[in-house]
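Each chain carries a letter (A, B, C and D) given by its place in the written order, and its residues are counted from 1.
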Amino acid sequence: MPPSAFRASFRVVWADTDAAQVVYYANYFKFFERAEEEFYGHLGFSFREFGGRGLWFPRVEAFCQYKKPARFNDLLEVELAIGELKEKSVKYEFRVFNKATTELLATGYVVAVAADKQTGKATNIPQEIVEKLRSFSK
Amino acid sequence: MPPSAFRASFRVVWADTDAAQVVYYANYFKFFERAEEEFYGHLGFSFREFGGRGLWFPRVEAFCQYKKPARFNDLLEVELAIGELKEKSVKYEFRVFNKATTELLATGYVVAVAADKQTGKATNIPQEIVEKLRSFSK
Amino acid sequence: MPPSAFRASFRVVWADTDAAQVVYYANYFKFFERAEEEFYGHLGFSFREFGGRGLWFPRVEAFCQYKKPARFNDLLEVELAIGELKEKSVKYEFRVFNKATTELLATGYVVAVAADKQTGKATNIPQEIVEKLRSFSK
Amino acid sequence: MPPSAFRASFRVVWADTDAAQVVYYANYFKFFERAEEEFYGHLGFSFREFGGRGLWFPRVEAFCQYKKPARFNDLLEVELAIGELKEKSVKYEFRVFNKATTELLATGYVVAVAADKQTGKATNIPQEIVEKLRSFSK
């Protein structure tokens, strides 16, 4: 783990599973995003505040590689690091672990762009966010 | 089936299932709503049009009784009838069948209220909708 | 709140919302179930253990009444009480609050039946579970 | 479009949307999978049949690039082509279009591996499936 990674922990709920009795593949993207939300909470930013500034962070790319299945009630640890930080976009990198066994279950990333809600156009990530994100860069 | 019911058919997708290898219980409410959406399409109303008038149909009650499980790839038939039609609200009644076996899998209902998007307050269902809904009343 | 209710707290994640910018109506049933899962964890029962005994708790009824919308990032408190406890079934009653404002957002219930995984038939709820559930009865 | 692509069409339902009033990003992976399911139905394979042989197709990689948002009630066309076909794995490539405007909304891929349900180990894709998949290779 990079020294500066953020970690969120939560359990697999029944609703996350599918008929293979493992976590449904698309739900890893929900796990990624939940870690991101807890990360911003940890940084002291509220999403309402972003909304108040007319900012939006649409996703432009998402990737996941599945290594081992997660199952109902497993306690997960999702690690988030800042992979790449540009003026208008940020790449979050994720690793999902089974917290009890420490096994690596999945890795992935999401690229999000700062966008103006009104115009829909890409815009600069506000400086105070950039500064905080930098301390979580690899 | 009431003579005036509307029917929508679709398959259970993998994403609908859970680790009991049946459809996850909350997803029946997605099935109900999908039937409702196809019903309004059938009536010739577009949801964009509702939005254009500043109308919203928030749900105020939802109920489902589960009788037999649905499984991945089952072809379902969801029957919608208008159970109760008031000035400001409508009760949709649903029955979900396995189309191949004709078995009844679930019954339920949803009550929706017409609301003004701006004020959030309940408002009258537009007369032209009421007239169409009436022909599907039990 | 009944003196014996169990409470679980969690935030609304982005994935819970819909285009009305509130929590999607079917997701309240995920909230109910998550509270139930945390409740069993609190009681000291693991779901793996239930599975090991060949026990299953399929849902037979689910109901929700929506009073006020929940929005992204809201901190919710879901209260669970045992509404009715029979030999083979249990009715969980739920109330969902906005924890910051203490407003009641939704109420509902879920009836689950103990079932034998092999035969699919209803079976008695094990006595040690019954005893624990009783202390949360209204 | 490659001459040999398969296409599935369906509408964005309300449950697919999020508070940005567009399709939630993880749901594109549901769209991909739904197209895959319809594709196998089109080829004449039933999933029950695969299950009967003790075969499973877990996902090992998933990627999506988001170009333009899809909104509630939009009619989508999801195009599936076979990107890479190995002995034990297959890469499905997807393009999602707005069927009315013909705009390209998203592209992506999913890599699935044939696995033995009992052992969980990778196994050869059955020859009769390989032959059918080949005719959809780029």
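Note that in this section a residue touches a chain if its C-beta (ideal position, glycine included) is under 8 Å from a C-beta of that chain, and two chains touch if they have at least 3 such contacts.
Note that this is a predicted model, so its numbers are computed, not measured.
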Comparison of A-B and B-C (more C-beta pairs in contact): B-C
Reference chain C; chain at largest CA-centroid distance: D
Chain A and chain B: spacing of chain centres that average the CA atoms, whole Å: 34
Whole-Å separation of chain centres (CA-atom averages), chain B against chain D: 27
Rounded Å distance, chain B centre to chain C centre (Cα mean): 24
Sequence positions of chain C contacting 2 or more other chains: 14-15, 22, 26, 30, 33, 72
Complex contacts: residues of chain C adjacent to chain A: 11, 13-15, 30, 33-34, 37, 46-48, 72-73
Chain D residues within the chain C interface of the complex: 14-15, 17-19, 21-22, 24, 26, 71-72
Chain D to chain A touching residues, read off their complex: 20, 22, 25-27, 29-30, 33, 56, 58-66, 69
